[in-house]
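Below you'll find the structures, each written out as structure tokens.
One chain, chain A, appears in both complexes that follow, with chain B as partner in the first and chain C in the second.
Our next item is the complex of A and B:
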């Protein structure tokens, strides 16, 4: 697949069809990749594609100066692309989406918890097993065990907006909203405690915002000085406000790629907030993010018949 | 200020739309209707102008409950501000539920300029609900739980 991708990218650049191919290349540490901005046919040789490609590349699209770009797109990138086109952040005809099948991304956190403090020197995926090795040790894990939980229940519709369509990939089993079902049993006290702990751990680095393909306001509310909506203190309430407002801003837009949780340096995973809003949007307002580039926004539009049983 | 204190009274911040609910509150006053004095009114142009962060910020700065009130559907001065707000509030409710903030802390109502009695009733209900829940505190910022 990688050879095919490199060849396609080199051809697109050589022919001048696109001025840039956006993909991934090997990172400097094992099992790490980094975004690649290929501008010359020769750069395409560095492209790679495997489950360690865990950045969502669509986030770059809005700021590119090139006239036409090719985006190496899994369904996660493709859904984010749909949202960006829907919001007029990039013109659809500027992007060629090179579709690739996806079987889920690696969870470094799940892997690290299995390795304790051992340092990985080398890692590769062999069939359905992940083989990692360090100084004097080697270990194998079934792929399903170290796959990102975001991907375990991926049943997201593929928007199918590819220029080069992927070969069909078997969608992973599971129900995406199952996590919410389990949470529905938690008491309010338990939920508050969970959220408080997440907020206490959060260091307000905004890596989640930076990694998110759709958190791309020109000026984020967190950075605004007048009015200063978030204070300069380390009080956990500031982090709580940040995460709640971010969830509201992503309501009806979040495509559930999991980039935020993977980017977090302290292991905060609040994807259930986004998921709860996605489910509410689907059930109550018949809205599905990342599918239809002509859809009306969830927040900011209405139907006269929207239910209002909660209003006094 | 703690829940054990027998004299504790909840602080409610009410965002009222200029065209309906604020006038409704005015009518309640002109009509000499009695309602609990726990509410601090903030006049806004439209319920659609109420950014969810205003609500969260109120809770952070020491409010125990928040009420947002606007025109009935179809009566919005800006035609559809309240309909946009309705969706936003439905989503916000779901979000607050996820983090365990009690449903009655943040409430919404439609009160027209002619509904002074309804305004008094809504305030009575919201104050009663929040009083039963006790002080909020969850989102509040340490040492800054003091809106006047």
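Our next item is the complex of A and C:
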């Protein structure tokens, strides 16, 4: 697969079909990859693709100056691209999406938890096995055991967005909303307290916002000085406000790639806020983000048959 | 303050909980606790102990001395007369236990920023004067660590009052300052035996061997001449523009001030944010990620050494570990060698 990818990328660059190929290359730490901006055919040799390619590349598209680019696209990139095209943020004919089959990604958080936070000095994938080693220990297990929960029940986007459709892949099965079911058993007070604790941990570095392929407002509300919408304190209510507004702003747009939770340096994972809104959109309005580039926006469209029993 | 040679004593692992409890009885004691992304410095509570397998805490010691947000002063008008109420540092930790040498060195690096007359920051200075720093040497530096390249050492003493070196069955405890002696002596620990001293030396050698290589941080002259180099155009490309690296950096110390309800707050700010340099007119001199990333690197490796004689980096490797896009400071510095005009 990687050989094909490199060959395709090199050809696109050599022929001048695109000026840039956006993909991943091997990173500097065990089991890490880093975005690669390939501009010369020779750069394509550095492309890699495996379950450690966990950063959503679509977020970079809006910043690129190159006219025509190729995007190495897992379903996560493809769904985000659908939304970017739908919102006229990216011109569809500017991006050639090279679709790749995906069976999920390794979650560094899940891996750390499985290894009780022991320091990993080496790590590699051997087929579907993950081999990790540290000081005086080595473990080997199926990498699927530390698959990101965000990958559970992955939706493949409409193949129409791809320039090169991926080979058939078997996405991880499961119910993406299962996590919400588990949370619904908790009392509202308990859920609120958990949210408050997450906000207390949040250091407001905005890595979640910056890693999100769809959190791309020219000016985030957090950056408004007049009126200032966030106060200067470190009270958890400030971070709660940020995360709630972010969730509302992504309603009907979030493609549930999990990049926000993976980017957080202090382990805050508020994906359930986005999932809850996605479920609302699906159940009430049959809206599915990341599938149809021609879909009307969830917030900002109206049909006479829309359910509106919640309007007093 | 420093006086050598100080007598090293031995603290066994079994005694550690009692020592922590005793320290907490004498004054508020904070402990480096937890592993991975959930780790940081927290007030001692019974049962809390040092985890010698854990690497440097994700959250830095900086947070204890320069909190994420704090009140600088309150203000009000009484009968038409404005009155100020300076804030005093509260909840002062007296002892901070398990400080890695890189974190202690970061505080020492920041001291002149906050304490150089005539502008002495009372909140910083108050906290610094109150605290005894009990360090924990690194027997197993992490894969992202590069303290020797940044002028530090896995068993570095700068900024610490006591250094503990993990050896078989316990710790070699060496008071380094008067304050450190005052903390160590009441513990009544036995003097270290020669083989324990030798073991501590071996720990140091092993750790240093593992840290060979690292990153070139001595780039002041190179950077000073390379501000306009075209390399900067591409260097920032992968950077997302979040503040994870600056907020979790033990030496990044930029802040903003803001008012709320008659109180002036100081709150962390980051040069990686566009608003950091946004003028009231709407003009922004740092227009893109290129200028912002350049500023971060120039501040650490050019401007700071120009002013203070050494780079504002201790090689703790946190930025390397946490960058969501795996922008690795070590390789960035390696590339920056090429900007020399």
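By our rule, the second predicted complex is superposed on the first by the 301 of 312 C-alpha atoms of A that agree within 3 Å, B and C clash if a C-alpha of one lies under 4 Å from a C-alpha of the other, contacts with A are read in each partner's own complex, and residues count from 1 in each chain.
In this section, contacts are C-beta pairs under 8 Å (C-beta built on N, C-alpha and C of every residue); 3 or more make two chains touch, one makes a residue touch a chain.
Source: prediction; values computed, not measured.
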{"item": "First (chain B), second (chain C), both or neither touched by A:196", "value": "first"}
{"item": "Partner chain(s) touched by A:126 [first = chain B, second = chain C, both, neither]", "value": "neither"}
{"item": "Which of chain B and chain C A:229 touches, first, second, both or neither", "value": "first"}
{"item": "Partner chain(s) touched by A:27 [first = chain B, second = chain C, both, neither]", "value": "second"}
{"item": "Partner chain(s) touched by A:263 [first = chain B, second = chain C, both, neither]", "value": "second"}
{"item": "Partner chain in contact with A:294 - chain B first, chain C second, else both or neither", "value": "neither"}
{"item": "Chain B versus chain C as contact partner of A:251, first or second or both or neither", "value": "first"}
{"item": "Touching both chain C and chain B, counted on chain A across the two superposed complexes", "value": "231, 233"}
{"item": "List of chain A residues in touch with chain B within their complex", "value": "183, 186-196, 221, 229, 231, 233, 235, 237-238, 240-241, 244-245, 247-248, 251, 272-273, 276-277, 280-281, 284-285, 298-302, 304, 306-308, 310-312"}
{"item": "Footprint of chain A on chain C - complex, ascending", "value": "35-38, 53-55, 58-59, 67-70, 140, 142-144, 234, 237-238, 240-244, 246-248, 256-260, 265, 267-268, 270, 273-275, 278, 289, 320-322, 324-328, 330-331"}
{"item": "Chain C partner contacts - residues on chain A that touch it in the complex", "value": "27-30, 32-35, 37, 55, 59, 63, 109, 112, 116-121, 135, 203-207, 209-211, 223, 225, 228, 231-234, 259, 262-267"}
{"item": "Chain B - residues contacting chain A, complex", "value": "52-53, 56-57, 60, 73, 80, 83-84, 86-102, 107-110, 122, 125, 138-142"}
